[in-house]
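Note that the chains take the letters A, B, C and D in the order they are written out, and that residue 1 is the start of every chain.
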Amino acid sequence: MSAYDKLVFELSSPGRIGYSLPESDVPGDRTARDLVPAKYLRAESPALPEVSEFDVVRHYSRLSRLNYGVDTHFYPLGSCTMKYNPKINEDMARLAGFARLHPLAAPAAAQGALALMHELAGMLAEISGMDAVSLQPAAGAQGELAGVLMIRAYHLARGEQRTKVLIPDSAHGTNPASTALAGYDVVEVKSLPNGEVDIADLDKHLGTDVAAFMITVPNTLGMFEPRIVEITELCHAKGAQVYMDGANFNAILGITRPGDLGFDVCHFNLHKTFTTPHGGGGPGAGPVGVKAHLEPFLPAPVVVKHGEAYDLDWKRPKSIGKLQAFWGNFGMLVRAYAYIRTMGGDGLRSVSDNAVLNANYVMKRLEQDYDVAVPGPCMHECVLSARRQKKQGVTATDIAKRLLDLGFYAPSTYFPLIVEEALMIEPTETESKDTLDLFCDAMIQIARESASSPDVMHEAPVTTPVRRLDQTRAAREPDLKWTSRAPRG
Amino acid sequence: MATRYIANTPAEQKRMLETIGAGSIEDLLVAIPAKARLSRPLALPPALAETDLIRHMSAMAARNADAESFACFQGAGAYDHYVPSPINHLILRGEFFTAYTPYQPEASQGTLRTIYEYQTMIAELTGMDVANASIYDGASSLAEAALMAHAVTGRTEIVLARGVNPLYRRVVATYCEGPGIRLRDVPAPEGVLDPEAARKLVGGKTAALVVQSPNFYGCLEDVAAAAELAHAAGALLVVVSDPVNLGVLQAPGRLGADIVVGDGQGLGVPLSYGGPYLGVFAAKSELVRRMPGRLVGATVDRDGARGFVLTLQTREQHIRRAKATSNICTNVALCALMATIYLSTVGREGLVKVGELSTRKAHYAAERLTQVPGVSLRFAQPFFKEFTLRLPKPPDRVVARLAKQRILPGVPLKPFDRALGDCLLVAVTEKRTKAEIDAYADALATVLA
Amino acid sequence: MSAYDKLVFELSSPGRIGYSLPESDVPGDRTARDLVPAKYLRAESPALPEVSEFDVVRHYSRLSRLNYGVDTHFYPLGSCTMKYNPKINEDMARLAGFARLHPLAAPAAAQGALALMHELAGMLAEISGMDAVSLQPAAGAQGELAGVLMIRAYHLARGEQRTKVLIPDSAHGTNPASTALAGYDVVEVKSLPNGEVDIADLDKHLGTDVAAFMITVPNTLGMFEPRIVEITELCHAKGAQVYMDGANFNAILGITRPGDLGFDVCHFNLHKTFTTPHGGGGPGAGPVGVKAHLEPFLPAPVVVKHGEAYDLDWKRPKSIGKLQAFWGNFGMLVRAYAYIRTMGGDGLRSVSDNAVLNANYVMKRLEQDYDVAVPGPCMHECVLSARRQKKQGVTATDIAKRLLDLGFYAPSTYFPLIVEEALMIEPTETESKDTLDLFCDAMIQIARESASSPDVMHEAPVTTPVRRLDQTRAAREPDLKWTSRAPRG
Amino acid sequence: MATRYIANTPAEQKRMLETIGAGSIEDLLVAIPAKARLSRPLALPPALAETDLIRHMSAMAARNADAESFACFQGAGAYDHYVPSPINHLILRGEFFTAYTPYQPEASQGTLRTIYEYQTMIAELTGMDVANASIYDGASSLAEAALMAHAVTGRTEIVLARGVNPLYRRVVATYCEGPGIRLRDVPAPEGVLDPEAARKLVGGKTAALVVQSPNFYGCLEDVAAAAELAHAAGALLVVVSDPVNLGVLQAPGRLGADIVVGDGQGLGVPLSYGGPYLGVFAAKSELVRRMPGRLVGATVDRDGARGFVLTLQTREQHIRRAKATSNICTNVALCALMATIYLSTVGREGLVKVGELSTRKAHYAAERLTQVPGVSLRFAQPFFKEFTLRLPKPPDRVVARLAKQRILPGVPLKPFDRALGDCLLVAVTEKRTKAEIDAYADALATVLA
């Protein structure tokens, strides 16, 4: 049976309905035409699909089946912590008291929600060793923006005009992007061949014009920087702040804390470490934690507790301002809160222990057949290089596509940029040894096939709903919306 | 420490460590300097079993005055619209819910197709050429629009109508801090943009003029006039618009908008105390290569079959890094999926009906409420589903009093504008019934008596 | 990628856990060994799987993907009314006041539930033209048992010892099975070639020993018996009761009513006509309606209304007794109630109109390529015969299997028994013309393939998770549970 | 009449009628005699829109005292056990939820595999050789067991211990009416089967002796002794057992049961005011060809791959018709799926823990409650999670009074047995907390003071 290939527009039939709305129960029969001057009104109703409720249910059920997700497939996408998303979190997020609470409810009418936020911020502070946490950023990248803006405000408040932020060449793309958006020049710091920061290069760049050094811990090669404390001390000595990208927090829960390592700011990705679902690309949540000296600059408002009562504190004259209209991705906060309350301190520690164990196990099982980017032990993820396979004509992309055929989602590829033909594998603690073994077996099979029959790789995938797609055509002739005249394919 | 979320048993750990050649997990953590290690367990509340967690969190939830137990007339950017029942069931399908950004398109056609549908629907509603896959929320969408206008025009000022949601304005200010973009505000003494004042502020430095319609006070703005004004100065017109209204209200694209942003929360996304919501972002096609966020495009596979991919990625941070059009990575794809299912379900006819019912009920509510002695409409402007009342008693006290009758009467405007300290912003969606509106009016009369 | 082939036992790892239970919070540390004499206790814990919560979620998510369901596939299983199951019904059934209500709650503490049952029974009575309805039967077959037992009790109460029940040869298997269980001899009545009851044959059998005639309306060939009123009158004239199997109620909502046709008893299948989900085989609900003279015999208790208060009336001395421990499949009743309240009278009428239209459309489109069991118009379903294809070596089973490959579930096959190589197709009103056209196209393609390349049929299915299964082996060497020693395959 | 559940538009209807060659839908209904037609619309309440339906039904639901808002000590065959969160999410997957009986096994392996798992788990818990795919509920399972014993032995009497749930007994009576099977009851003056009386009743006519353990009063029965007694007379022993207890309590199969039935509601199935529940049915393998209900077996496909099918179908009504072992067709497959997911989730260790917590809390509750002056245990027998209290005031009045404190203290036994008019049956699951038990005891003391 060939894969489902409809768009909802292609199911539409004029006059078919899927909605259910009551008739007006207020007196009179005035319509918008009577109530609102014509110039504000649409002449024709919008060309939305006309389908039945069942059309909707079947269409989106079928579309979902074209996806791989964590619930159905091993999803070792490095740097993304694709762990199990507990179902109880969903039930909790759907309690009417949370899901149907208006953001501008008077604080007295939102004590439960404010209490949850206050407690969550406190727990994240404890987990990170930071003094204060804002839950407002919508994702990691917005957490970075908030963090860098706080650093900027801090320097400015001290009368310092620093213009640069240093970032390792192994960093995730959002790091330089957020930093540039905050008005800084981004300067790349070299990594050593083993992926560690080249401290000499860092030192060279660390002038009085440097506002901050931003680094991911563990780094994007899955390694803990052994000299990290030295680095944060070095930065502080030069008057620079140090920012930790906490995307990889799953490696260090209860083991070490950014605050104790000397960081001034760090963000969390609740959609990674704290099990909020990835949703096909989002939403996430990117709380940002700071040391006390940065606390005045936190995004406003701040959730505060006076006696037994919770409130939103808007009187934050030094605040960098707001990042979202309201208080953050509250629905995600509820899930993360449920998770942390379920795990407790010991449970979180166990998460990182097992995340590290799983990554090292995969690394070990694959080290014969693939080049390892940096020798282990690694932390929660390991980076392989397909440079050996590349010589056989098989790229990281080919390997990724072949994995799809074998029933696995693919690792992150070509990230970090400093590793040739990178395959970044993050198994997470929620996967079992059995699954890891199946995955490793598949990877080993692929390595052998790369040598013996590289064409199998180039043909892959063959079992997916579509085969390899023409990216060039997509970019050259952008077709970004459906039109009834020109259906493709 | 056995928990139901961790797979490895002690025996498995042992076998894995043997394979690795390590004696213990500790041995794998050697790179972490001892002095940097946390020497105590995390001081967190003890782990809760599922039944205890449910009890605890249900008690927390019960302390909130939600729109299920209360009649909700709150708006100001978030609305209690009807959410068709299929949405929640469909988004929870694990293949949608637990996937991530569709980096491997062959194994992500479900997500890619829904985003393509979403882009199509948003383009249609806003009257624009292209829409992206989403920005965090309406406010950050507006901020991205400001940055984009700055990048496109090379100009350094953004002129905002006072009718733009002040919470949005604050977010724009945050985002404009780094690039050093200056914000200028056009007053709205009559509840809408003052054209005279606007003409003075919009000029050669203006990257964009921003208007919102219906604006924060509920008043409808003359978007076409604003477009003329902006374009005359070589500036872009950015319109903030609530897409759920666009079954009935004119598409901003038809009125001259260059960029349309807004929050799609009304399209089936739960109120959820403010987020996650849905940042809508649409623009004219000539601006597409400066757009922030992800874009999905149609193409063909190796066998010529139709397929969908993330495209024009050279705009994005993972490729362009410090030079990217935006820093956004994770977006709000699942909320976009909710909106897509919403718009499919309500469809062409249903979206019109949502708008018709909302505006009719809002006008009825305005009539009923202004019959209460001392209560009047603050602005003499046409409105749609939201309006500003002037009350003879402090609005926040009215809110507290009506809460006792399970009515959430609206949003007091004092925190947003001291000059409107006696004002209450009232929103009426299609979900509000005549009985609720009448009860509100009666309760208000009693409180004000 | 080959299909998922695990059983949960095969994921098990000793010591892995998926549950979450609190520690005991009552004083003392006594265990069952201390509290309960040893002879009542199990020596060893049961060999259940030991898996994580995530193992459970992924395993059952994957297993589900091996199924076709209405939400994902057109499912034209005749006689089963596989229509869309509205999602709002699920939300309503999960309201805590319904889902978490104990059956032995005092009536005063269950007024909402009792009101729902009372109103639903009333609405079903109106829909069927019956005088009273019991909601207790768990499914159609139990409704039949209840109905026949009431008939029996009725005759006995009148001092009549009737021993036979007449049933057409086209009947569903539960009809004779339920009747036999109620202690009657089942006598088959012949159908005419056109599927109608052979009234002469009926008349011949209708002696004073006949307790009842039981018939499905529309019949299992999808036809409305044109002489049904004559038939019920004839039966009554002979002192026999007439029972209508209401499995096919989807054809006649608001068009005609069993009560008006002269029936004394009829059952409903809420899981067919009234959109409660089929759940992979159940649960359903099979309310039974009766005329006034049978009302004293209804299953006990009966939901009654006194003034504004609802109660369970247990004082039913003539009742046939209970069928389930409690009051019926209440969860299903909630869904059916939600559905009827959503549709209203006009809506239900429209259901049947469109169900009939869809079936006739399919019949028309296929009548060239297949033999039609009985010439149309049909009611809500149509029965085809593959006797023509059979001559080409292609059976109804082959056609069914080939349909699976083409992306459709199969019609009912070999039912009714009186049609050779029967294919019973029930599209339901919730399917669109587009879907019907795709299905008819596939059926026509199959008819052509049967002529040109029957081997394709014999090989089918090839796209399903498994291919044709060895039924003989399954029955000869029953393997009805998994054992760790002997995993199959 | 456009509704969201019907696909055809008027235009489509027209086109379809054209194809059919009919002028109208009426033309398709010609077979229905005019005099049999309903000449008016159905007199049903008007159709409700989704939001109105939610409002209406939520109000109905709110009139019930459910186990979410109340502390539930009710049992008597239905229990408020812990339901792990994944169950509801997984059963709602459309591929499970909206499929039917797996007639086409190649497209139903999901359902077939879960049933095979279910059969395996039930066989393991009950200690029997085979289990079927489900019967409606515990009571109808017992009725089927009685019929089966009758068929297997050719004998015409069923002897039931008084400790068998009286509601179950009534269902057995209904099912035995047709075949003319006689029911005989063994008294239980001390709360358990009186062996003397039993010996007198069990004899050459006895098809089966039925005992329940723990029985209706909560008391544990001596199943092994009952087995001996039944087998000595050539009768079968049928045991009614609650499978959720069988992590801790002995498997009836180990004690000599020939057939084990029970209700699996405790295995993750919601209380739902009495149904749908889960009729468990397991037997010795020599009886398998007389079993009621569906059976799933493992086999291989054409390529030798493992696969699962419905098997031994010649027992069933669709093949054997009037001679079938049972009339059951639709069963409760989805509830069996809930139980399968439940048992997978709690697993070997968790089921033991459920039992341990229940019995410990039940014993604590019994101690606390019997400390209330005038309150005593009615029977001096070992119990597990349920026990019978004797109260100094009418139990139904106590129930009404405690409801005001959001406590559902148990089930008054008067309607079941006049001799126990002063008794209250109290069940304590692992979900009840010490705080709830203490509150119950305190409230009881107050009410009885």
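Convention: contacts are C-beta pairs under 8 Å (C-beta built on N, C-alpha and C of every residue); 3 or more make two chains touch, one makes a residue touch a chain.
Just so we're clear, the structure is a prediction, and the values are computed from it rather than from any experiment.
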*Have a look at C-D versus B-C and report the one with more C-beta pairs in contact.*
C-D
*Please pick, from C-D, B-C or A-B, the pair whose interface repeats that of A-D, with more than half of the contact pairs identical by residue number.*
B-C
*In whole angstrom, how far does the Cα centroid of chain B sit from the Cα centroid of chain C?*
45
*How many Å are there between the centre of chain A and the centre of chain B, using C-alpha atoms for each centre?*
19
*Whole-Å separation of chain centres (CA-atom averages), chain A against chain C*: 46
*For chain A, what residues touch not just one other chain but two or more?*
13, 15-22, 52-55, 57, 61, 65, 71-72, 84, 86-88, 90-91, 342, 430-433
*Could you list which residues of chain B touch at least two other chains?*
3-8, 12, 48, 50-51, 82, 84-86, 88-89, 92-94
_Under the stated contact criterion, what part of chain D meets chain B in this complex?_
50-51, 82, 84-85, 89, 92-93, 345, 431
_With touch defined as at the start, can you tell me which chain A residues reach chain C in the complex?_
1-2, 11, 13, 16, 20, 52-55, 57-58, 61-62, 65, 71-72, 84, 86-87, 342, 405-407, 430-434, 463
*Which of the residues in chain C end up touching chain B in this complex?*
13-23, 52-55, 57, 61, 86-88, 90-91
*Quick one: in the complex, what on chain B touches chain C?*
2-12, 48-52, 85-86, 88-89, 94
